[in-house]
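Take a look at these structures.
Two complexes, one shared chain (subunit A), two partners (subunit B, subunit C).
And now, the complex of A and B:
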């Protein structure tokens, strides 16, 4: 934007020919370089939505996963049995090819706004009663007929799908978690110690329930009927969004890509001051995995008008 | 050409009012009708930057220099159910897509635009008797996905699903679902679709296909952002 920055005349200061000439020279210089900011933004755009990021600087969309909506081809993400969790990128389940947004070249400037949205179809799979060996979770028992009982759980175990970006280069080999999203790679303690993340650092993730265990009410009253106390969670949506106002050291950096990573299985845990999600290796195993189908990721970089 | 002051002042020379006024007059003339194309970087503003703002209350939309923005939802505290049935989809897995009523926007795009469409829906699927229909009980879902132009152009890779409460109906009186509704058969869906449009009429909305005989969209919301800039 062309603008005049010379201070105005001040009462009491001596008038000089140089200052007077400079005043007119400033106008001559400024009017030789009028640009979009002078004519469009200041005259037309900003009065409409002042202060908002209303200019789409960059935008992109990518189809995640594979198999279409009928889940014809899926990716299997295994659960972790030894921490920290292995984080698997969302890929084409048939070829193993990563499905990510990029490489792109989206330079970020101060006050830009980054918006990312994603949705995926997922299916948490398990076998038997993995919660019987859980490290976390309130174990409960249902009486299905004296003295028979079935072991149940609080059903708070979850899978995590979290957002990463590459702001290093277009090789897309330097992925890092976006601001306000932790990596779950830190030992935070818990029963026997385990890896997890403070809930104040989980602002770019989706959470998928690993299982739901419930009592199957008897039709005639009395004890619970045996057998069916847990149900296949079936295919279901996993949805997330992340917003970031560019500031500080990240202004001047460039976005080269976005991707999602999947990991689990976690359970809530707490200290006296904070809440966490921690890895429960007790329920992990070959028969507990997350099927990932298809979805899409949309990202925008918007600038103030 | 840029403004050029006609007079230059010299130290030690009397400042003449006429000279100063001459510079100011020249500036006034330049500002009023002296700015020529060469003074301005080309293409700084075109028709998309000059748009009359207006509001479309029925659709919850507003239009202006930046484009279209607005949202629509069922609009009351009482759920208005839209049924999405396998009978409309051909009673097969992955059958025909049809529109979910009231969930589409049709807007006049004045200039090339980047369009972002957000949606969410709450769906109740089933119960559906396993004895009816050609689809296996475990393959019964109700899907919702965004479409652009018409439901045949659905973005099926972005579809979200609600599983049927696939144990079906309880055998015996009184009839009802065989399992608790909230365990399966309740779907919270959401998604976002990004597209570009060269200008003209744009229709974007939600479509559904279902392999569940009876599923109901009991709440939904759609938002459109069309950005010219």
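And now, the complex of A and C:
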């Protein structure tokens, strides 16, 4: 700690210019060697570190898709009839140009934190009753009148929008799923075996409900179900987020870009121990697709503290 | 702002010991207790900061929230559901009230503002949301969500309500120093007047709600 130990003047001392100058020189000397012990608690804050990336190392934002709020020109992502699902990158619906964040050059250090947020305007489209050929989702209710059993869908079918990054180079041709986000390209089981993902590997995805079927509110029935009714789900937002602390082999790598991919249609399935989302090719077809409008993707690389 | 001077000499003033001592002592004390008013912008090199000097960021991925079923709530996990549904919330296993999906600890919070950001995917069975014949008011099935830190609710929302969707709950507040316990809680809508609780043929409890793909971010900010 920089301290001054010069004794004070006392009454009776001769007041010389040399003594006074020496006293002030001591102060000046001490000032030049200040250290951490001279600082009060809360002495240093962001202004004193101006220009340094203390909290946010890098940040970026990109507009996804196309069409704006009028949905004038949108991207159509087809549903899958033979697995595994083809995953479509979110593009400008008019030109087909990929809309992605990058190329950027964001080096990652151990314990750095990556945060990614996104939103997309989407419209799940279907025709007729695709659930009548579903492989998953049959639900049986006690029905008013004959037959007494109504078989319909549980409406748990979803589209998936998942996050990928490129940590190889700035050409943005080496996309891979981010940590803890599965690719849905592996056979996991299900009825007759099917492609899907364990729910413990779905950390960076949004889901979009493919349709909604309800007990018909126009039918009397008490504790019974009458018919069913389904409604176009219209345009709706799909939001998502991913948080990640850099660790292991990824420390020292560099982020070059992020993008979103869209695929479907999936349905819940389970084993005795785990829950899954698996591809339901029975509901796929030309009339079932996802319209993707516009949105945003924001990414930040943060210092851990 | 700290006082830099006590008795500055003036023109034609006679120098005396008391005046010189006061002035010198004022300057000495200022050196031992520098504060931000004396430090210019950009005065320091950030590389000299000690870890977590100004802030700290915590992340909890699915595995950190729930190691047995990463990212999923498993506090209500009815395993009697159909094989084409999930083991999750059914009305056989849930009646009402808030349930804690995840409990985590934020170590080393120094006291100050804490922001928490909880995101994930959800499912809520809305087949009976409108009630048959509209004999009763509609009962949309939502999953209410809230975040509690150190026993205090920082954020609460009515929550998403659809067959399949996504959510994000963000909240912040001033939290004392220490290892902070955070609870992420949810409350599905209870059963409505027309609900069928089981599949009519298989008598398996119907899947009603679930949270999955969950992760949590925390940012503590102090000085």
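Following the convention adopted for this analysis, the second predicted complex is superposed on the first by the 227 of 305 C-alpha atoms of A that agree within 3 Å, B and C clash if a C-alpha of one lies under 4 Å from a C-alpha of the other, contacts with A are read in each partner's own complex, and residues count from 1 in each chain.
Convention: contacts are C-beta pairs under 8 Å (C-beta built on N, C-alpha and C of every residue); 3 or more make two chains touch, one makes a residue touch a chain.
As the structure is a computational prediction, the values presented were derived from the model and not from experiment.
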{"item": "First (subunit B), second (subunit C), both or neither touched by A:173", "value": "neither"}
{"item": "A:270 touches, of subunit B and subunit C: first, second, both or neither?", "value": "second"}
{"item": "Partner chain(s) touched by A:35 [first = subunit B, second = subunit C, both, neither]", "value": "first"}
{"item": "Broader residue contact with subunit A after superposition on the shared chain, subunit B or subunit C", "value": "C"}
{"item": "Partner chain in contact with A:61 - subunit B first, subunit C second, else both or neither", "value": "first"}
{"item": "Contacts of A:149 with subunit B and subunit C, given as first, second, both or neither", "value": "second"}
{"item": "Shared subunit A contacts, counted only where both subunit B and subunit C touch the same residue", "value": "15, 20, 24, 27, 31, 34, 38-40, 43-45, 48-49, 54-55, 212, 214, 216-217, 219, 239, 241, 305"}
{"item": "Of all residues in subunit A, those that touch subunit B in their complex", "value": "15-18, 20-21, 24-25, 27-29, 31-36, 38-40, 43-45, 48-49, 54-56, 59-61, 63-64, 68-70, 117-119, 121, 212, 214, 216-217, 219, 231-237, 239, 241, 294-296, 298, 300, 305"}
{"item": "Contact footprint of subunit A on subunit B as seen in their complex", "value": "1-5, 8-11, 13, 15, 20, 23, 27, 30, 35, 39-41, 44-45, 49-50, 53, 64-66, 93-94, 114, 116, 118, 138, 141, 143, 145, 155-163, 166, 170, 172, 179-180, 183-184, 187-195, 227, 229"}
{"item": "Residues on subunit A engaged by subunit C in the complex (per definition of touch)", "value": "1-4, 6, 8-11, 13, 15, 20, 23-24, 27, 30-31, 34, 37-40, 42-55, 113, 115, 136-142, 149, 154-158, 180, 191, 199-203, 205-210, 212-226, 238-245, 267-270, 272, 274-275, 302-305"}
{"item": "Partner subunit A, residues of subunit C touching it in the complex", "value": "15-17, 20-21, 24-25, 27-28, 31-36, 39-46, 49, 51-57, 59-63, 69-72, 79, 81, 83-88, 117, 119, 121, 123, 125-135, 138, 162-166, 168, 194, 196, 199-202, 206-207, 210, 212-213, 215-217, 220, 223"}
